[in-house]
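Data block below; observations after.
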Amino acid sequence: MLMTGQEYLESLRDGRKVYLGKELVEDVTTHSAFRNAAQSVAMIYDRKRATENRDIMVSKEDGEEFSTYYLMPKSREDLERRFETHRRIASWTYGLMGRSPDNFPSYATGLAMRPDLFDEVRPGFGDNMVNYYKHMRTNDIFAAHSVTNPQGARRPGVVEPSPEISPTLKVIAEDDNGVIVNGLKMLGTSAVFCHETWIGNLQPMSPGQELESITFGVPLNTPGISIWSRKPFEKFAVSEFDNPLSWRFDESDSAILFENVKIPWEKVVCHNNLEMTRNIYMSSPGHALANHQANIRFFEKLKLIVGVAGALVEANNVGHIPAVQGVLGHLAAMLASLEGMIMGQIQSGEEHAAGYHTINRRYMYGALHWCSNNHSQICDMVRELMGGGFFQMPADSSVFEDAAMSETFEKYWSVQGKTAKERMKLFRLGWDLLGSEFAGRHMQYEKFYAGPGHVMNLYSYFNCPWDDLKGLVDEIMSGYDAP
Amino acid sequence: MLMTGQEYLESLRDGRKVYLGKELVEDVTTHSAFRNAAQSVAMIYDRKRATENRDIMVSKEDGEEFSTYYLMPKSREDLERRFETHRRIASWTYGLMGRSPDNFPSYATGLAMRPDLFDEVRPGFGDNMVNYYKHMRTNDIFAAHSVTNPQGARRPGVVEPSPEISPTLKVIAEDDNGVIVNGLKMLGTSAVFCHETWIGNLQPMSPGQELESITFGVPLNTPGISIWSRKPFEKFAVSEFDNPLSWRFDESDSAILFENVKIPWEKVVCHNNLEMTRNIYMSSPGHALANHQANIRFFEKLKLIVGVAGALVEANNVGHIPAVQGVLGHLAAMLASLEGMIMGQIQSGEEHAAGYHTINRRYMYGALHWCSNNHSQICDMVRELMGGGFFQMPADSSVFEDAAMSETFEKYWSVQGKTAKERMKLFRLGWDLLGSEFAGRHMQYEKFYAGPGHVMNLYSYFNCPWDDLKGLVDEIMSGYDAP
Amino acid sequence: MLMTGQEYLESLRDGRKVYLGKELVEDVTTHSAFRNAAQSVAMIYDRKRATENRDIMVSKEDGEEFSTYYLMPKSREDLERRFETHRRIASWTYGLMGRSPDNFPSYATGLAMRPDLFDEVRPGFGDNMVNYYKHMRTNDIFAAHSVTNPQGARRPGVVEPSPEISPTLKVIAEDDNGVIVNGLKMLGTSAVFCHETWIGNLQPMSPGQELESITFGVPLNTPGISIWSRKPFEKFAVSEFDNPLSWRFDESDSAILFENVKIPWEKVVCHNNLEMTRNIYMSSPGHALANHQANIRFFEKLKLIVGVAGALVEANNVGHIPAVQGVLGHLAAMLASLEGMIMGQIQSGEEHAAGYHTINRRYMYGALHWCSNNHSQICDMVRELMGGGFFQMPADSSVFEDAAMSETFEKYWSVQGKTAKERMKLFRLGWDLLGSEFAGRHMQYEKFYAGPGHVMNLYSYFNCPWDDLKGLVDEIMSGYDAP
Amino acid sequence: MLMTGQEYLESLRDGRKVYLGKELVEDVTTHSAFRNAAQSVAMIYDRKRATENRDIMVSKEDGEEFSTYYLMPKSREDLERRFETHRRIASWTYGLMGRSPDNFPSYATGLAMRPDLFDEVRPGFGDNMVNYYKHMRTNDIFAAHSVTNPQGARRPGVVEPSPEISPTLKVIAEDDNGVIVNGLKMLGTSAVFCHETWIGNLQPMSPGQELESITFGVPLNTPGISIWSRKPFEKFAVSEFDNPLSWRFDESDSAILFENVKIPWEKVVCHNNLEMTRNIYMSSPGHALANHQANIRFFEKLKLIVGVAGALVEANNVGHIPAVQGVLGHLAAMLASLEGMIMGQIQSGEEHAAGYHTINRRYMYGALHWCSNNHSQICDMVRELMGGGFFQMPADSSVFEDAAMSETFEKYWSVQGKTAKERMKLFRLGWDLLGSEFAGRHMQYEKFYAGPGHVMNLYSYFNCPWDDLKGLVDEIMSGYDAP
């Protein structure tokens, strides 16, 4: 089944509890803090099934049609289809919504290629995983994952002095039907717009955290779940003209609180297993497929950033200056580098799970490292090109509502080839991308997208063929001895 | 005369025209977009004359008391007094208000040490400069400078296709009493809170721009002047708890529009002189004294940034991790480096203007370069320490108005040694400093504080003793020849 | 014809004039400054025709066998064959010889795909280009290019005050048979080991430089040509143990002086054409194919660098330290990034010249930019891991010739798991790679491999699809207007 | 007593055992690997007592004259005298000899200000320290310290599987007269040219290393001591013209081996004390005074580097290019920054040891951090300016011995305003500074001058006034509560 945008919006009116400060949001699809972002997701639902995109973005198996991001790839062509599906979805939000509907499904698709991993934890968990994947695929589910524990609460031994103060979600009881979980899970990006959330752990666990290793998917309207949204930037967008990106693309983040929520066994895929709660992502193609999507999403965002850089240069009439061309060239080189790194993942696909052909993990981790390590510098280069443009503009677009002011504004603020309004429009966009609170969240988001810096390093460290590389050293040195 | 804070506030109700979009602001001291920042300036006025600060911050000459930032320094002790005066003022706003009342006065003080420079332009202009300085000093005037031309309009030959479209302020008529000026001037930081603005040029001028070289001081309530404020962040501060810095310290930026404003000759210090309109700042100690203040202001801000870094580490219980200590140590080293660079300016003072002892220019430009080149990286390091803390917190502090929610919040969000509320308070502060729109403006502000990057390089390039340095090379090479 | 290593060495005894300071080198294959590097090239000749490599590295057309780097690619498979050919050659010298026998041939192959470009300059030049390509391919020629003008002499108008002081190679006469050229050409890397050199221009030319636009290939033993070698590091290698890389892999650089050398027309492919002397490389796939080889060569070198980093960490017993793992992980991520960027060039091949399928230029320029911008940092990271190891070792390996000293050395310098000799061997290798004069030349070489930094930026600037990127900005902004 | 250069040279002929590989060096003052550097030290001895320098560089106490670097400072003027003394010494070797005769004496001077620290370890050790200081001062001794343990041997528990394999110097026996020590100590920079070496520990020690905590000074000709020099670059300097810096300024590094050396108690200042063997440097002004010298030494070196950058730009006729001016300006800013940081240490002197006035530690550690963190980038910027100049020059200066070649060389390699020989001379100097093996050692040396990067961070971390900084955060937050 391929949901329409309208069906998607309706499906969100499901009784979920979303809190904005003390306010309980009745309907996220109409609330001024969320409605436009909800429309953006609905737009994705509509477009991915539209005629012009079906060839690529809809796949079929056993007579069932589903979004191509659920396709288990077996060939280079499958990888190219997945790539193009991710790319189009990302392009529709200019890469600004990280947990779009194709992100977690890429995890789920990869996880479901290795049911044996889950059966190792407990026989039957493998079926649970495959069924969950099929459930998502068949029902065109939008789920995102919450796989991080609350900050400041991560040191075993230090935290949780008493059973009542237990910030981190864990199992507090279990019976034949399932488990009861209690506690917080972070960082529910997009949770407000998702049907379900996937609970698990991406960071290493320590002995004593066994009950936190529980892993499952759950609908967000399940009794006992509440979604505590961070400050929503859409709410503070002055107008679309003044904040064109915050207006439509704030995917939101939330703490998700579970107050004694019952999870049936058939939704559980890991329990009481410190190793496997994390390893399932790496030992299956799940982590690789999902972060391949992240690379592509970042790439589409980078296109916008570089495009804005080019437009700002044009608007400021500085494109003839060699140093400015140099900065643009540097940005262009970075864009091409990332694109190359992504295409290389397809060129050098691998059989990570038996019977499947998935993207090259090592290059993907290289690209992931590149993205999180270069985002700040990229933004800083564009800030350099932006100069003080935003600060020279009126406080907001209400200036156009007053004919006399509007005229004065045009008279003094226009430059050759650009009206004052065009310039203001562009600087508003540039600022929303690089200077606004929405932009500030992106600075933080990209830096921590797949974990803190040292984790980014370790992904590449552990995937590096050290024996081959040190073999080169031995090879050289074996050719001679001291005289 | 040393104004009280109350007198200062009253003096702003002077009929000035401030626009917020289409809205004409009646009284900046009470308007929700500006009132707290106005109070912050008033606080500076009160404190600098308070008993505990008078020894340092008030100076006396010919029986007249004035703020020490008007002191023309003649000794190391004078420089130390100026330093401490700037430092205290900066500390009261944590370095977040760049154009505090001691910034432009430092320019004026330096300019007035060299009346001869102005007399070169036109006899009598030297007296004008000295009189303007005395006027400011005697009346405890808060003025700031607007010495940049509108972006995109800076290429002679390209801009101004017709006389009507003239974005850049210039003289359009003159008579025996003075000149008439028309056009825009940027970037009126703090203009909303100033008594007067200083109009001039800090960037190089090209032939054809002679009429733009006009330089003068003018009260901001002069008929024909309007102040077009950029988006004010104070207006969007949710509460002091939620945005403690935007709440009080948004100094604002504005485009200042002059529509046929009459400037009497006695206020003019430069006219029709492309070279001198800029050189007066460098050939006198003006630029050096004002940017020395900027160094000190940045230093006080850096103390807050590093302090927040330390507090975040503590709140997240990660202070025991060597890599985290390393980041803090790196920040601490940078703080000490900058402090050293500033104190060195005092240690190696110089006689830039005959009869005066001013700070070492070369070190000041080095420090200025350091600040604008390192600010982004510093912020990025603290972002790394901040992690996702802000995003894990409720949308706003209204959560504390609901007892049940407040209790749930404490139960799940608190960590050992910190209540949830304390943590939220800290993360709000950290975010306002590094992630909010207020923070985004600071990213741009520090990068361009004293001009774009290449200008920062050139200040040091032109002040470098190249002959001495190349002399070292010659010295070595003179000691030998080819065998 | 595929030359053997022995045939190659013999072919270098051709009467060429190579100067080492004032010394005329009689035979580069036996001289202590060059013999080992000559052997390294001979090794490449032998290995590329060896049984185990023929499948990939030898191609056939019209019954003629030739090195695969002369293959004009028409499919992804051809690009994969070229890639693997370059990779193996680079691996045999650990990427330390930049102008290996497959470098310039890649230019020549690309140039010969577009004879029409040369015919534009002068009818018949197209045939000359194709014939030169065939000559090289058929005779297994090792040629390298000298396409840079002498430093300090590049400003037209400034240089050449008199006709006698003409550092830059140019045509000084022409007749029916050909042209006479005079002057210097840089930077003849590998020239000492090449059969021929290709003379041309990669930097932009200015009016007045028409006679310098001459482009041709010429055997290096042609009368009037002399090769002035820079300081050869092989000559100063203490022993293979002490300098294992300088010992074998110093490809050398030389200024090539032409004193009235006659070049027949059939070898000339450009003359009197400021645009085309440079554009032939960009308008044909020449520049792209050759710099694709450069990417691969750098990649193999990077493998050695990262391998040495891993081995140093092991030798110093610091592999358990998280920060050290982080540095290794960072290096591993960079290695994977570059590999991905290269494979992406194959995945996204393009029809740059009609009828051929060549690598993706844009990604190649991205990778080239990446290499020249990251090499210093990479080396610096490994220096950090290397510490003072080299300095703790004896002056040279003669210590092993004295039994008592050798015993003392083992007693005090060995560590658990490594003899002192093994450690010294490794540190010698690390130092030769990162600290020696050979290493110093590589620092400079990689930075300027394909031109100075601003040229690297411009390659990407000019290949960037700016219209598409700015189109994204227009697309967003077209969706809304001021309220 | 103030030694003459001649006396100094004679004093080195003292029977010391210096090994170059297997070769025992008979006389370091005449051996081709060391003689010129020995002359450079002798030059320092001569100049510091020369008439024109006595005022500053010679101090007097109780009728005794001594080098000012032994002055225990009690005022700003004393600090200024010390600064200028260090600066002149550094300037004579362009900052290229790190352990000049004023380096360790600065440690000793600081240590002797706190005899109480040593008496804590064992009563009487305080007197030993003071006596050692006086001995050095009175006899104008050149000593340097060896306070690092061999690499790879630093993990207790891992190393030293048997008592015979004990790389790290430790006490193996003690009696009433003193201790017997055995093992290696690193990294004896300048040891070859010193009268004595100081043995101790600057890195943290772990339990089990008690016997390694021994700290003492000892003449280098003491029986049982041998000095194993690393590869000497002076030996491989082709000529002064070809390697002007390696020729004269290779201070050398050595492993110092103690084979059962007897140290009398009166020379011992620490024993069996893991804490104090390291803390003596930090708890006294020793570390601060010595690293202040290091800052100044680096500053003088930076002057040469920046001077060479300026000269290269001139020689290449590129000084008119804005981007090149920008790079020079950036370098100039860095030079001024460091100079400022050093002068600030004097401006903000402190009473670290009771009764003395020493430099500001915090700024010194900031500057030290700055130097080790910026040296690579600085060199890289100059490499960018240097281009391929070195590689375009003949192999060595023998070219000038052949009249015909010399003429050809001038004819083709000269540029407007510079003879070919002048250019070669400059490029030789630039290369020796930035590309030679001597330069490679400096890359490593500056990076590790005062320890690895994380140690640099920690020095600043531990000296940072965290309470004050976090107090600012508390101060802000104390001013408001949730609404």
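In this document, chain identifiers A, B, C and D correspond to the written order of the chains, with residue numbering beginning at 1 in each.
Basically, a residue touches a chain if its C-beta (ideal position, glycine included) is under 8 Å from a C-beta of that chain, and two chains touch if they have at least 3 such contacts.
Since we're looking at a predicted model, the values are computed, not measured.
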Using the stated contact rule, I'd like to know whether B-C or C-D comes out ahead in C-beta pair count. C-D
Let me spell it out: compute each chain's centre from its C-alpha atoms, then which one is farthest from chain D's centre? A
Rounded to a whole Å, what is the gap between the Cα centroids of chain C and chain D? 38
Approximately how many whole Å separate the CA-defined centres of chain B and chain C? 50
Indicate the residues of chain C shared as contacts by at least two other chains. 322-323, 326, 397-398, 401, 453-454
Along chain C, where are the residues that touch chain D in the complex? 19-23, 33, 148, 150-155, 158-159, 161, 164-167, 183-184, 186-187, 228-232, 236, 238, 242, 253, 255, 257, 315-317, 323, 376, 380, 383-384, 386-399, 401-402, 405, 408, 411-416, 418, 423, 431, 434-437, 439-441, 443-444, 447-448, 452-454
Contact footprint of chain D on chain B as seen in their complex: 94, 239-241, 244, 303-304, 306-308, 310-311, 314, 322, 325-330, 332-348, 360, 362-363, 365-367, 369-370, 397-398, 400-401, 421, 425-426, 429, 453-454, 456-464, 466, 468-473, 476-477, 479-483
Please output the residues of chain D touching chain A within their complex, sorted ascending. 322-323, 326
